[in-house]
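So that we are looking at the same thing, I have put the structure below in structure tokens.
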Amino acid sequence: MAYLEFLAEFGSRFLDGSLITVAQFLLSAALAIAIALGFGLLKLARHWVVRGVATLYIELFRGTSLLVQLYWIFFVLPLFGLTLEKFTAGFLAVGMNLGAYGAELVRGAVRSVPKGQWEAAYALSMSPARRMWRIILPQALVIMLPGWGNLLIELLKATALVSLISVTDLMFEAKQVNSTTFLSIQAFGTALVIYYVFARFLLTPAMRRLELSMARRIGKA
Amino acid sequence: MDTLTAYPLKLDGTDVPMVRFMNVTKKYGALTVLENLNLDIAEGEMVSIIGPSGSGKTTVLRMLMLEQINSGVIYVDGRPLTHMNKNGALVPADRRYLRTAREPIGMCFQHFNLFPHMTALQNCMEGPVQVLGLTKREARERSEELLELVGMSEKRDQHPSRLSGGQQQRVAIARALAMRPKVMLFDEVTSALDPEVIGEVTNVIRKLVSEHSLTMLMVTHQMGFARDISDRICFFFGGRIEEQGTPDELFGNPKRERTQQFLSAVKSAD
Amino acid sequence: MFDWRWDFAWEILPRLIVATGNTLIAAGAGYLIAIVLGLVLALAQRTPLRSLSWIVREFVEFIRSTPLVLQIFFVFYVGPQFGVRLDPWTAGMIAIGLHYSAYLSEVYRGGFEAVPKGQWEACTSLSMSMRQTYVRVIIPQALPPSVAGMGNYLVGIFKDTPMLSVIGVAELMHAANAIGSENYRFLEPFTLVGIIFLAISLPSAGLIKLFESWVRRRIGID
């Protein structure tokens, strides 16, 4: 009963926080996917300078911590005249960081498309861009989707860090509720369960379904 | 079926066989692999099991070492293997009982199953030291002797990855023998080998047959070899013993039609 | 616009290096917990006791799908509610160790599954007990293929230590934050932290590869 009362009083705050978390998740996921695709393909480029730029980006973002990047973007960029709102800084940092990991997924998947597929597309005189878009990427997508399932869960978890620059997400609300009530189990426990439900019962099944339908679309299931 | 059960025991006339399958049935799910198997193997006897794939022949060996049975009883050396005595009644054996009851049995596998992180010598010493409680020195002596027997002394400090298939299988035989088993099981020990090294393994088994009084049960596809060294051949078909007899009886004058078909099919494949 | 101050950077560097020591200690201690606890979690999922392995499996899933920073807060603040006060270091090590033990248990699980069935059968044929089978044969073979994954998570735990600053563990990020707010300058401390992280995590990846091949050779598998 006590917990129900707790929910009745603070439920709306958890709900508000969850909505911000979902927004952060969607925006940073979109950014991460775009970055992953861009830098993943650049890393396969023929020219070493292009490859070098991609490698630099990927290693820079994978070699340092997300929290360091987040603080840098939020506290240091303003010194260069680029002041970002905390909400924007939050999803930018998360998206750029996870995008670097995603780029490695993309690169690996593209490279594991069988060589015969490249040759067949070449034999049809397809332009490199068309070959990539029509032949290679669809197959690579199926290969990398399971990896993306895991990565998106990491991304969801990573969004909790934006609370540290005071974005009012789920994590932030849990902290607020904890500091006003000192009911730590209830406050943090509720947030843990919400993240868990989101990851395990929404994100994971959605990715499974996507994997299946993609596999079916290219005729592999 | 009764005539098969009543197959005369060993020449010395002992009544207690080394291995006795009594009405043993084994199923995998809904599939019955062996039905009501009755088979006695006398002490010192070498029995080869032949038959088409899916006939249940490997299962006969695996039941002695690795798998539970669905009904019936197996005795080894006069003691029930699958069941234990509890207040005068036979109840299914638990894990611990099974482990001790299986101690008199050694087994060699199709894919050797040597421990890859141990040298040939360490492979042989593992059981004696860990299970029998021998000192390292005793185990080393025993293992070196056995590696000598299988002709692998020189390679004793090599890891399995540095040995050929034939060499690995010989080490595996030494490893099994190091436990001083009374019964040895050979499960298609030459099937995974390149043709040119099969001889080195069969020669070791030949040597065991002629120089030692082990009871042996062998599943094999090598008809010539089985005929040479076995006291008795059992032909399995569809989860039953279709026919059994001395090598000369079974290969020279098979009585059942399925035996004839199988043997001629094998012969034409050679 | 670009006003990097070398003298300030130089001045704060010793403090950051000391904090780097703490970061490494935190990562090392957390990793030690994770390595051991991860093995326990992996083994617990292999017991024939269905209910136990199911509970452990769900626990691992739960840990893996919720944010570490939230778990750190949870461990730190839940104690006092029951009258147990954990200092930041203890709470931090428990949280990060537990979090990574869930990941490592998955690595071990893969390692266990990669051990061929024949190895188990060989152990049975030598009448080895369950304990002997695991200790002498299965675990030594499950570990080498796990080394790569274990190494990645060592780097991972290192990069996650800044989260410990939220409960006041005096590691690198905590020091940089403190320096920043004392001097109203964040450029140098945060940039240096980034450089220190790069300087440690980039070479580690290579070292781990070397270590992996050494382990495999050492154990005789290659």
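By written order: A, B and C. Residues from 1 in each chain.
Keep this in mind: a contact is a pair of C-beta atoms (placed from the backbone, for glycine too) under 8 Å apart; a residue touches a chain by one contact, two chains touch by 3 or more.
Since this is a predicted model, take the numbers as computed values, not measurements.
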Contact graph of the chains (line, ring, star, complete, other): line
Contact-richer chain pair [B-C vs A-C]: A-C
Chain with minimal offset from the mean of all protein Cα atoms: C
Computed distance of Cα centres, chain B from chain A, in Å: 56
Inter-centroid spacing, chain C versus chain B (mean Cα positions, whole Å): 47
Geometric centre distance via CA averages, chain C-chain A, whole Å: 21
Residues of chain A touching at least two other chains: none
Overlap residues in chain B, where contacts from two or more other chains coincide: none
Chain C residues touching chain B - in the complex, by the definition given at the top: 116, 118-119, 121-122, 124-130, 132, 136-137, 140-141, 219-222
Footprint of chain A on chain C - complex, ascending: 1-3, 61-62, 64-71, 73-74, 77-78, 80-81, 159-163, 165-166, 173, 176-177, 180, 186-187, 190-191, 193-194, 197-198, 201-202
In the complex, chain B residues that touch chain C: 65-66, 95, 99-100, 102-103, 105-107, 109, 111-119, 126-127, 130-131, 159, 161, 175-176, 179
Chain A residues touching chain C - in the complex, by the definition given at the top: 59-60, 62-69, 71-72, 75-76, 79-81, 153, 156-161, 163-164, 171, 174-175, 178, 182-185, 188-189, 191-192, 195-196, 199-200
